[in-house]
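In what follows, chain A forms one complex with chain B and a second complex with chain C.
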Partner chain A sequence: MLIRSVVLSVFALFSVLGCSNQKIDSKPTITVWHWMTDRDSAFQALAKKYESLTGIRVNFELYAPSDAYSQKIRAAAQGTNLPDIFGILGEKRDFASFIKAGHILDITSYMEADNSAWKNKLFPKALAVNEFAPGNSYGINPGIFGVPIDIMTIQMVYNKKLFGQLGLNPNRPPKTFQEFLDIGNKIKAAGMQGLVSGWGEVWMIDCLANNYAFNIMGKDKVLATIRGEVPYTDPDWIRVFSIFKQMQESGVLAKGIVTMINKSAEQLFANEKAVFAFNGSWCVNVYKGMNPNLEYGAMLPPAASDKYPISIWGGAGSSFMVNARSKNKGEAVKFLAWLTDQDQQAYLAKETNNLPANKNSLSKIPEILAQFARGMDYATHPNIWGVSEFSLVIEAFDRGIQSIIIGERTPEQVAGEVQSIKERELAKKRAR
Partner chain B sequence: MKIKEALENYTFVLPAAAIFSVFYVIPFIWVFQLGLFEWDGISFTRTFVGLQNFKEIFFQDKSWWQAMWNASYITLIALTFQNILAFMLAWACDREIKMKNFYRVIFFIPPVLSEVVVGMAWRFIINDIDGANIINRTLTGMGMPNLVHNWLSDPNTALTTVALVHCWKGFGWGFLIFLAGLQTIPRELYEAARVDGASAWQSFRKITLPLMVPVMVLVAILTVLGTMQVFVLIVSLVGGEFAGHTSVPVLRILASMRGSSRFGYACAQGITFGMVLIAISFIQYRFSKKARQ
Partner chain C sequence: MKAAIYYKTKKFAVNTIIHLFLISVAITCLYPLLWMIVSSLKTQDMIFKDISLIPHQFRLENYIRAWQEGGFGRNFLNSILYTSSVVFGIVIISSMAAYAFSRLRFPGSKWLFIMFMAAMMIPIPGSFVALYVLLNKLHLRNTPIGYILCMINVGLSTSIFLLKTFFDKMPKELEDAARIDGCSKLGIWWHVALPLAKPVLAVVIVFNALTVWNEYILALIIFDNRQFMPLQVALQTFQGEFVTNYPLLMAGLTITALPIIIVYLLMQKYIVKGVTQGAVVG
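This part shows the complex of A and B:
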């Protein structure tokens, strides 16, 4: 009897409390998922600022490492549980798949409102990464589907102190590929290590090889190759593969570069154990943390041909997308517009040493970052080409270059192998 | 009465059968089903391709079979070198030696360490420019400078180096299981053998080895299953597949899933790999049955 009374009393109490007046908070909470450990504290600070200005709470949720984040996003997409704002890690075709599945909001109308006020603030090349042009090969309606929050370029950096020790002018990095190879001989003679990079993780090999492909044969021929109109056995492509053989033979590459992870490469360069590094503009923050006194400069990869300009990979470093199914999508877009305003971008650049996506925030960045920013004039990216290479071809291409560096295959052999995989994939595509 | 008994028995088995189905059988069927589709892992639509993915694995994907070969090579080294070492150390610790408990603890430290930590530590020990170069320095110190080598960046030595580091990390498990097995052998058997004039070698050959066969088979199965699935250690030691020289099936599955966004194909690879492991385990089991008879 007593137990029954207690249970009934508790039930009645909760019922009364449940019916009581509650203050309903009409302001939504925007949830953002990201993987950027180095930017998390800056994001949290900006979220607090935004809440104090608008009353809207922004909840930045960090999921690292990036591999785990990438899987989380895919799983959430399958369950239609994506947050209001999220980023995508992957290639343009992954981005296209998310759009096709209806996960990403087309923000073109927001960008182009008020005479394209928002769009005009941002670097066009950073925006292009998030844009699908008319007639793109992914079958996506033309439009802008993401907001760049910072930009990056991938270039070479050189150690000024070690340059001095080699008898070179620390303010004049090599401009031509031959000059670069000549420095390789000096590096070998001095017993130093040359270029370090995360070539064990392969995608950076792809990046440098593409830089030289643009330089040697021009953009049109590179894209024609991707479309299957030019074979990889073309002499220009063999010259691209040969670049790596020449670098290896001259001694300009550090020992063990083919199994080097980028973190090790960054440590080696920051600790002044390597003369050159091939790295993205994010390295400024990394090197600053590892060795604040490091004296270095950024440079474009030395040109191997004067026929076409050298191109580097660059554009949007990280971008955010708005969930098309979110009930807060209007607020989410407004927050992203605020995040890419001059002051917020300047704050992010100052706190994280990343290049701002807002053109007007560049004036306050340090000189080394400005050097990377100047590289934007030469920037291109596979995500803006409108066509994409088969992933199996990219894999064979990158592995082949590793084989060339270790002296296992010749450039001609690699070209033949890559082309045979290309033909197989093209045949499969035609059969579909 | 019989029906009631049968129902009772099935009721007791039901929770285990349900858990096994939910966590093993259903996912396996589901993964197999996904292996029959072309799917990017994101879209809601999938294209049915039948057994095309399996056909591609068996007849076109050379890198898959190279990965299988690499994993088999590491497994072979683990089955021999790692398990012989584990057995010898367990046999030594089973005897009355000083500080045997200390050795037991020491030998069991590597398996409990994270594979990433082990990989990074050994990378530091082995590598020259981004490490301490201890192996090469030791070789030079021992008057063998001609053996000095880029162990992890040479295609001829990278896989073997990975295999040896894997053995170092994994021998503790075998050691522990062998030690437990050795301790179950009645001491009276050895005493009786000694009384009959058997030498230490004869005791080992006629008592220890036959009675340890089931344990050896268990360790062998666990070694095969554990080693074939190695990949974290490889990523932390050599950064990835190193022009295919350190490629293993799990890295291939990851490459299909993440690099190429071919989830259907990755599922087909996973099923093929799983079937290979089941087949190997089954052969080992049959072999152990025969050996016991």
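This part shows the complex of A and C:
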């Protein structure tokens, strides 16, 4: 009897002690994995603000650099250890593979609730990168699977001080390609350096060439070329290749541009040694670090044709996805909706010099960022075209332009070479 | 007389060429280090504007900021713990294994050795996902012991190869003498083989210390908890996707490089001996 009483008392005591230490906390903690070193402090500040407003704690965990982050995400997906919110770096097919594996929540219903209130706040082209259209080639059910937290556009920038030295109006950048070439002649005469860009990392050549392809022949013809319905030897494509020859001949391109890496190009422009640069909107942050007093403006690449509007590459800069297996997915979606609200987006833009994904935030951000953001009206991106070019064709295309700039080949020769590779790849594809 | 002058001139010319070559090699090795230290004392915009090696203003506060903003304190201790544990583990396991492969005859020893050597051919990043899944199943993910075990595994193959090469060349008479004196196999390993292998062990220690000290990708993958991260992960704080905070990064790199330079200097004479004795043959 005594033993039984002692055992029961001990059991009761342990039960009480055991229960007394358990905190009943109905508020979940949301964990976010990200790779954005330059945005970490701003994220932490916003997380504190969110906690003070809602009582929900948000842990932003930084894993940089981005290539290590990508490996961590893949490994965590294998072990089903993904956090509540995360980002996927890579191409759209990587994104699609995560969706297929059931790791990413379809947030269409949240976006379209209340007459699409959330969706309408965001730049549609930024959302497009996170969207899968009906009948997409990845076999994903149509819907929105990610939230853009900022956007980026790739445009041209010009140095206002050097513009003044050339006798040009610093507030009127060239609008037409001919005006641009005329400035090239002035640059050559003044012994200055013209356009700098990371064309040694060839994708930036591809980007500008596609801008002009959209301008000269329109989106449909560009996509038809990718599908193999229009040859690269078409006169419009020859004109696209010739754009680079004309730029080189006018002197608007800086010396050594074909082998230039973007960091060197950024350094030259920031140190006021080049009149123009072709760069992404991230350059605002870069130039600020290299030369805080730099006076410059953003501009669209000058149009070479009136037939179609000029297009630039742009879209979601960084996006977050919600873990479909997370027990906090509802709260995670609510947090992302809050993060993309006007005030939070303006705060992020000011603190990090990135462009806001919320189109209503433009009035609250510095002018140079707003100039880049306004370019979103002209933005496109290969990720949303629905078709993609063979990598060997892209390589031949970009290398071909490099050889035109250094005078090794003519536009016609490059067009012929690119087309022959295209035909070879198409034949291989048909044979499969 | 003429011949003497000829040979003296020839010797002088050859020496000059050799010295010029060695000086140029030394400059290419030392210049990045010098640039790192100089940049750690400049501001961000001065790094891009002023390329001189003597800064106009010495911004020593970069070191304090790097230490504080990078959260170096905890990470520094972690790196010391990981490096010392891993190197200790590698030295013990690889020296025992290498001695066994060299001196003991047991079935399948050759195959086992070949398998260890084959592991050297697998690039480390290729095994990250597999390691992650394995550690997850063993409930060792996000634990320092899991990371230490992985890193010991990473360094074993090369260390076994180096030590086995040395033990193969070691005179057997020394072991026979020890056996006559009553030494067991373990005793011979401890009292005879290991003391003789000091130069090779120095190479093993320095090579592995360098690998563990500089490793961050595996740490980043298996740790979720920031308090377990090594020093190199803290350095990434200053390196953004498009923007790098060079003064703080360089200050952080200087802090990070110091311990490993000290280890190298302490082990230098053994490393030279190890290399000259053919420890790194192959």
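Here is the rule we use: the second predicted complex is superposed on the first by the 379 of 432 C-alpha atoms of A that agree within 3 Å, B and C clash if a C-alpha of one lies under 4 Å from a C-alpha of the other, contacts with A are read in each partner's own complex, and residues count from 1 in each chain.
In the analysis below, a residue touches a chain if its C-beta (ideal position, glycine included) is under 8 Å from a C-beta of that chain, and two chains touch if they have at least 3 such contacts.
All figures in this text were calculated on a predicted structure; none of them were measured in a lab.
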Scan A:267 for contacts with chain B and chain C and give back first, second, both or neither. both
Does the superposition put A:198 against chain B (first), chain C (second), both, or neither? first
Looking at A:370 after the superposition, I want to know if it touches chain B, chain C, both of them or none. Which is it: first, second, both, neither? neither
Touching A:66 in the superposition: chain B (first), chain C (second), both, neither? second
Figure out whether A:79 sits in contact with chain B (first) or chain C (second), or with both, or with neither. second
Should A:189 be classified as contacting the first partner (chain B), the second (chain C), both, or neither? neither
Look at the residues of chain A and decide whether chain B or chain C touches more of them. B
Between chain B (first) and chain C (second), which does A:395 come into contact with in this model arrangement: first, second, both, or neither? first
Residues on chain A touched by both chain B and chain C 74, 78, 267
For a test of understanding, state which residues of chain B touch chain A in their complex under the given definition. 40-44, 60, 63, 123, 127-130, 150, 152-155, 158, 237-244, 255, 258-262
Under the definition above, what is the set of chain A residues touching chain B in their complex? 67, 70, 74, 77-78, 90-91, 93-94, 97-98, 100-101, 103, 193, 198-202, 254-261, 264, 267-268, 273-274, 391-392, 395, 399-400, 402-403, 406, 408, 424
What does chain C use to touch chain A in their complex? 44-45, 48-49, 125, 128-129, 132-133, 136, 141, 216-217, 220-221, 224, 226, 236-243, 245
Using the touch definition from the top, list the residues of chain A that touch chain C in their complex. 35-38, 40, 61-66, 68-69, 71-72, 74-76, 78-79, 81, 267, 270-271, 280, 282-283, 285-286, 289-292
